[in-house]
Amino acid sequence: MTGQESVDLGFARVDVGREARQGLPEVVYGTGKTAAEIASIVRTLLRHNDGPVLATRVEPETAAAVLAEVDRASGDRTPAAGLAPVPHGTYDAPARLLVWRPAAPAGFTVVVAAAGTADQPVAREAAAIATAVGLTVTTVTDVGVAGLHRLLAEQDRLRAADTIIVVAGMEGALASAIGGLVACPVVAVPTSTGYGAGLEGITALLAMHASCAAGITVVNIDSGFGAAMAAFRLSRVARRTTS
Amino acid sequence: MTGQESVDLGFARVDVGREARQGLPEVVYGTGKTAAEIASIVRTLLRHNDGPVLATRVEPETAAAVLAEVDRASGDRTPAAGLAPVPHGTYDAPARLLVWRPAAPAGFTVVVAAAGTADQPVAREAAAIATAVGLTVTTVTDVGVAGLHRLLAEQDRLRAADTIIVVAGMEGALASAIGGLVACPVVAVPTSTGYGAGLEGITALLAMHASCAAGITVVNIDSGFGAAMAAFRLSRVARRTTS
Amino acid sequence: MTGQESVDLGFARVDVGREARQGLPEVVYGTGKTAAEIASIVRTLLRHNDGPVLATRVEPETAAAVLAEVDRASGDRTPAAGLAPVPHGTYDAPARLLVWRPAAPAGFTVVVAAAGTADQPVAREAAAIATAVGLTVTTVTDVGVAGLHRLLAEQDRLRAADTIIVVAGMEGALASAIGGLVACPVVAVPTSTGYGAGLEGITALLAMHASCAAGITVVNIDSGFGAAMAAFRLSRVARRTTS
Amino acid sequence: MTGQESVDLGFARVDVGREARQGLPEVVYGTGKTAAEIASIVRTLLRHNDGPVLATRVEPETAAAVLAEVDRASGDRTPAAGLAPVPHGTYDAPARLLVWRPAAPAGFTVVVAAAGTADQPVAREAAAIATAVGLTVTTVTDVGVAGLHRLLAEQDRLRAADTIIVVAGMEGALASAIGGLVACPVVAVPTSTGYGAGLEGITALLAMHASCAAGITVVNIDSGFGAAMAAFRLSRVARRTTS
Amino acid sequence: MTGQESVDLGFARVDVGREARQGLPEVVYGTGKTAAEIASIVRTLLRHNDGPVLATRVEPETAAAVLAEVDRASGDRTPAAGLAPVPHGTYDAPARLLVWRPAAPAGFTVVVAAAGTADQPVAREAAAIATAVGLTVTTVTDVGVAGLHRLLAEQDRLRAADTIIVVAGMEGALASAIGGLVACPVVAVPTSTGYGAGLEGITALLAMHASCAAGITVVNIDSGFGAAMAAFRLSRVARRTTS
Amino acid sequence: MTGQESVDLGFARVDVGREARQGLPEVVYGTGKTAAEIASIVRTLLRHNDGPVLATRVEPETAAAVLAEVDRASGDRTPAAGLAPVPHGTYDAPARLLVWRPAAPAGFTVVVAAAGTADQPVAREAAAIATAVGLTVTTVTDVGVAGLHRLLAEQDRLRAADTIIVVAGMEGALASAIGGLVACPVVAVPTSTGYGAGLEGITALLAMHASCAAGITVVNIDSGFGAAMAAFRLSRVARRTTS
Amino acid sequence: MTGQESVDLGFARVDVGREARQGLPEVVYGTGKTAAEIASIVRTLLRHNDGPVLATRVEPETAAAVLAEVDRASGDRTPAAGLAPVPHGTYDAPARLLVWRPAAPAGFTVVVAAAGTADQPVAREAAAIATAVGLTVTTVTDVGVAGLHRLLAEQDRLRAADTIIVVAGMEGALASAIGGLVACPVVAVPTSTGYGAGLEGITALLAMHASCAAGITVVNIDSGFGAAMAAFRLSRVARRTTS
Amino acid sequence: MTGQESVDLGFARVDVGREARQGLPEVVYGTGKTAAEIASIVRTLLRHNDGPVLATRVEPETAAAVLAEVDRASGDRTPAAGLAPVPHGTYDAPARLLVWRPAAPAGFTVVVAAAGTADQPVAREAAAIATAVGLTVTTVTDVGVAGLHRLLAEQDRLRAADTIIVVAGMEGALASAIGGLVACPVVAVPTSTGYGAGLEGITALLAMHASCAAGITVVNIDSGFGAAMAAFRLSRVARRTTS
């Protein structure tokens, strides 16, 4: 970390001080940015921060261009004094995620539980980001409440987690069911799967808030990112209260 | 039944032919009617029909006045040729229901399952109306999905039913859970219990429609009446296909 | 049926115990799944269950690929001990439905009544699925309330049904009109036909719930599937109460 | 008519030119005005205009005070040169309407058709205002689509009307049904009767707009006033095209 | 007219009795129908009815195919006894309207007033349909309330109309302004022009209903068709009260 | 001004630095506060600031108690060194506003234009607050667009204003009409007057945003306060750019 | 703990196994329950569980009755073998909370930050419940983003917390601002304070979900209870990962 | 200026009198117009007005065609007596704006502050239009409230502005934060950036209205145009009060 607060790239003001404030470099939101813009922000973050650098919601062609551009630009110049050379990045296509310098696992376990197969893309995003920032993730799929036995069969795995991310669309009932089974924090992600009365995820979001299970919290529709970040915040307080 | 289609009382046109068409006399919706108006319609139905006569959503004071007025008016006059004397009615306060000439049980069993104690008034309305029209009702309370073990403990009773009426507010997840456990028809009643994101029952209604459990059907918010009537229709087709 | 509860295919957890619990194998929801994924689930269901296997909302090209893949894979291997060879499937393009091993008719009659020609795709889905699971279906089209004589001309057919599925978009008034004409269960399917104030089916859904006809039930927007499944549940209770 | 456009009373600017522009003096909307304010506006209109003067949505106590005040104030002073003395007004309690100088019938017939007894207050407002401005009104009540025979029994009366005002809450289906039966203009008034999915009249308003019956028009929720005014406009064009 | 009520084409039930009931043959709604289906319905209507036959919302390529098919099929066969040969149709591209056998003008004048240039397509549909059914239409464009002088300059034309159709999106204020200027019926058509808070026409629809101008009526969003049909109903009552 | 940023009263943290930052002391929002709490905050502001002190949305009984308490407490103690004695406050009942130390007029003129008499309370709040902070206010009432002549008659007054606050409920069309007539800033306040489709002011708010008049800005529903504050900001920039 | 899962009181099924599953006895939701019902549930929980027993949303008169009834009933009987005598409860009026047997502080610190004085009741509920279940709570009030200096002055306290509960109505911006300042978990509670466009808390709820600050989670509107329960779950995982 | 009020081009009525009324020629809204239509309106405005002529929301290919057509047509004819030759226009691609005859800077300073990089297109439109009409614009980007230090670092630039345009999507909190920092007028533009609970900009619009910062005003979603026009109105009143 360089101590600086932000770097102005003209088209964006990179918040390089976030790592110091929040324990993680700013995450790049890929939607609406060109490959050149993403690459430029990524390189700035790699230079000024020490931790994992991520770009979310990046489509495959853009991802390839970003990876190439970051490598090329890094090869061009000698690293600034005292900085390590820029590492190669990797792309996780189902999660639409680019990662450089992923964090090592720190022993905080997260279960990502997805109600149906249609909820997989969001579950993948949550799992990939959580892994990249150093959480230990396992995934449980297709445990919607219309087949409770499938959920109950996974109770032990759920109860062993430090935190559970519940990914569910349609009526979002899985959050209530899991919220009642476990004692750990439950972060619910409503998804836009389903049709008609599902209202593109609004119904699931409202239903999760109206849940009869106490202490569940909710993030934005389809925001695997938001859930992973919430889990990261949890992992930090766990670590802090330990030492 | 007198064969007539409707009787015009000036302030209302009583559909006395409904019993012939649908197997049950018209049910009087009490909201917004005076005791005199309700009594007048009730007497018309008692005269022109043979089956149970019901008035829903009647507050206690109005109920007392209606019962008295129906008795008084009946005592005044000699029954029309060939008609039985008008029977006494009864009032079920928690269900806000008035009943004259309830039907005898016909062997069709309904379980009314309510998610929480706040859903009781709607569950009571459903149970009382279903009973009055000849269904055999048992009630299961406080089986919300936040405590799945309470629901699972009732599985046998649920599976033994000919039809289940699920009454649930907040996120309405109980409908999905029961829908996945049983093979019989499930009629879901969203309730306006809860606050905030529950949107006075709209969230539960939408969530029940977006349910991942196949073949659940839904009636209007807080409509214990609608669910009981749906169950009555079911009981008739069951009877018909038998003979 | 093999007695097993679920089979984990990695990308999906197939609920092979549903046939035992609910009298019908799980139905595959095709949206968002690849041909290979659908074929894999279908074969699993054909192996572990005895009843009809269906995949809904499958587009024509995907359907052809699924049919071929199921046949090919089945030819590859000898059926497991005691299991019949995998049958050929068929595709109903207007209903976007794939069916293997359809059920024989069991004598329960369903009328699918569609308000307008634009409601046909949903009506087709409802009819095809209901037929595949063993119900006897007839269809009545273009009987919207703006031309009541067309509806009244069909009264006898409507009254003869064990159950009626009403498919209507725009203002959804057909459900109320039919609900008042018949005594049997009425399952209403709002559709997203129409424009402007129709709000993609939301208006029809709300209107059907607010219906003045007692005991109508409603399923999700455009869900011919949901209505057929509701009718299937009805047919089972009818059968049960008979024996 | 005095030719003046408006009179400023300080708390209100009375549009006394409206009679010249639109054939009818401004109608006073009573909600939120004191008896003194209503009386003052009424007297201004009686002075400066020749036609009927109406005040809508006036509660009984306020109405009595307004009637007394208008009489008292009129008795105090000699009418301005060439003006007739101020007439006595009358109050129609169910319609919550005050009327002075009602118009003579001009031969334009309106049927007000109300779906249920709960829609009566709005139907009464529409009928009373329409009558006061010179239309010939008959009312048909309790003809909701859940009992089509009641509606069909009234077909001749409906077809004889110059215009039909349909008053219906819940799902508002009566507008579609009548729209398909008659050739004359149909003005639909959604009402806030019903509960839950009726959304205080929003569902009926949307459903009436999405109606499959061509050429129906709609006014605001519970606006018997709006419908009567629309009918008055119709009566004028009818008269104009005649001469 | 043949006296028959409906003709069943398999895919549609043509309401050939509508002309007798409502003075105008059924209008074909083109959206979602193939050219062959439209042509088939059109020929049925031309055979069984005497008045104008219209198909709305038909895209150019489909229109050409329909015109050709109707001509071809008509040439194939000898007209049924006593029926005139099938006439050629015409296509109005901006209105997306097909017309056969347009009605002669009957002396009822309609002004279509559009708030902005973006509202033109809807205004064109209204004007073309109204003309085809025998109304005499003039159009006034670009008279939105943000430039009142443009509207006021057209006052005389507006006041001379038998009926005014107001077409406006965004905030829909033109309906209120015109409603206050004229005495004749005003039919408001909200359009989906604009963006953001315009909510695809919902805002204009609600605003027109909440209008402070008395007696305005409203039809569905973008429904030039609905407004023209409402004007046609008006023209008939005008004619009837004349004779 | 004392230079201090905030004063902690336990139940509230008074932002006494706001006068330095924004040219006006914090305004006290009365809703939900006791008379004692309001009085305590008011006295703190009077001590630490030099400008006008206001409390909005205060009901009459509370207002009397606040005035008495501020006077009593002030009489108790000797003013802090160098501070003037606490002045008496005044209460404007229609505006529900308490004012101490009103600002002298500074020559910036505001016209508050209200569409109807029902919009008066909000117009009063806007006018009273604007006056108290030193703006010169005139009010124009009952100029809704349904009677354009009333509005046009006020054109000169409107054009002479430095800023216009438009207060309108129902469809809110007055904002568009005035926005097109004048060149100065227009701040629109939607009100919750009206019923049904007016949606408690939401319709007016949306319609004002969708307005076809360029450069209109909007504040919250019923927020006469917000509009007056916006006008105050405008008056300051006008003053600044002058010197 | 008695090992039992639930106790059926007829009107409610008390989930006495929740303490074993989730580390805390069931919390009684007071709304809609009589004092006798609450007292009965409370005594059951005190008997069958060891931890703190809470009843939320209890009005003052009901609270007094509950406290008396629990004491009386406890005095009546000898405690069951091996159970401690029932303790006295306490009532926190601003939080509307009844507590028996509060937990000892376990060293997990929570800051409850409220945007304005109107958000106090919800903040009080959150703080009182969190304290009762053993968390160490401090409260920061009146730190809305319209006066950022007040928020920034509290940065150190905020950064020292293990978890922050942000309570904010209106636009709910405080959640974003705090989310960007701290690294610990942030649980946002939207409140129904404000008016008009605040939509009774819906706007704040949506805005908190759309927040640009990563990893914030949200609970239901006005649910101080939900936030406190979420914090309790967090405290448990912190404790678990420590040992 | 020619004194004329409007010019009728058949497809549009150009408001050439607007410059006289409001100090700026009508601005052409490009969406839905052909290049020929835009060019025709632009030439009319250039002829009849003296000030800057703008066309907004013009895509690149259309823009090129418009520029060419305006030049070509101008070369064809001799300018009308006393008029200057038509100038060349320029196209600003990111702002999608065409400008002819931009105004000279008049000394009124505007800061356009954008919350994130995704808000840039709207910020660009606001800045380009404001510049074209003679305001002096600087832009501040990426100052969202999730990184308050970035915003606070720009305080001096913000405080020096005559007016600030705040462009923000998602939860729109930037408007509240800036509103509390500065004394000048703040015009907030909600944008449709973000997903899920952002509701295409509706959430930001509502949140900005519910803002706790006093005197903020709001324009339509994504309307950089509306904000620039509001700033232009402000600049005029500032100028007027000066002289």
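Going by the order they are written in, the chains are A, B, C, D, E, F, G and H; count residues from 1 in each one.
Everything that follows uses one rule, which is that contacts are C-beta pairs under 8 Å (C-beta built on N, C-alpha and C of every residue); 3 or more make two chains touch, one makes a residue touch a chain.
If you're wondering where the values come from, they're calculated on a predicted model, not measured in any experiment.
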Touching both chain C and chain H (chains): A, E
Residue-number overlap at the chain B/chain D interface, same or different (half cut): different
Distance-maximising chain from chain D - centres being C-alpha averages: A
Centroid distance [mean C-alpha coordinates] between chain H and chain B, Å: 60
Mean-CA-position distance for chain G and chain B (Å): 38
Euclidean distance of C-alpha centroids - chain B vs chain E, Å: 45
Residue list for chain F, restricted to those that touch at least two other chains: 147, 180-181, 196-198, 205, 209-210, 214, 220-221
Pairwise chain contacts, counting only pairs that touch as defined: A-B, A-C, A-G, A-H, B-C, B-D, B-G, C-D, C-E, D-E, D-F, E-F, E-H, F-G, F-H, G-H
List of chain C residues in touch with chain E within their complex: 117-118, 120, 141-143, 147, 149-150, 153, 193, 195-198
Partner chain D, residues of chain C touching it in the complex: 115-116, 144-148, 152, 169-173, 176-177, 179-181, 194, 196-199, 203-214
Chain C residues touching chain A - in the complex, by the definition given at the top: 5-6, 11-13, 15, 17-18, 29, 31-33, 37, 190, 192, 201-202, 205, 220-223
Residues of chain G defined as touching chain A within the complex: 21-23, 27, 107-108, 162-163, 180-187, 205, 209-210, 214-221, 225-226, 228-234, 236-242
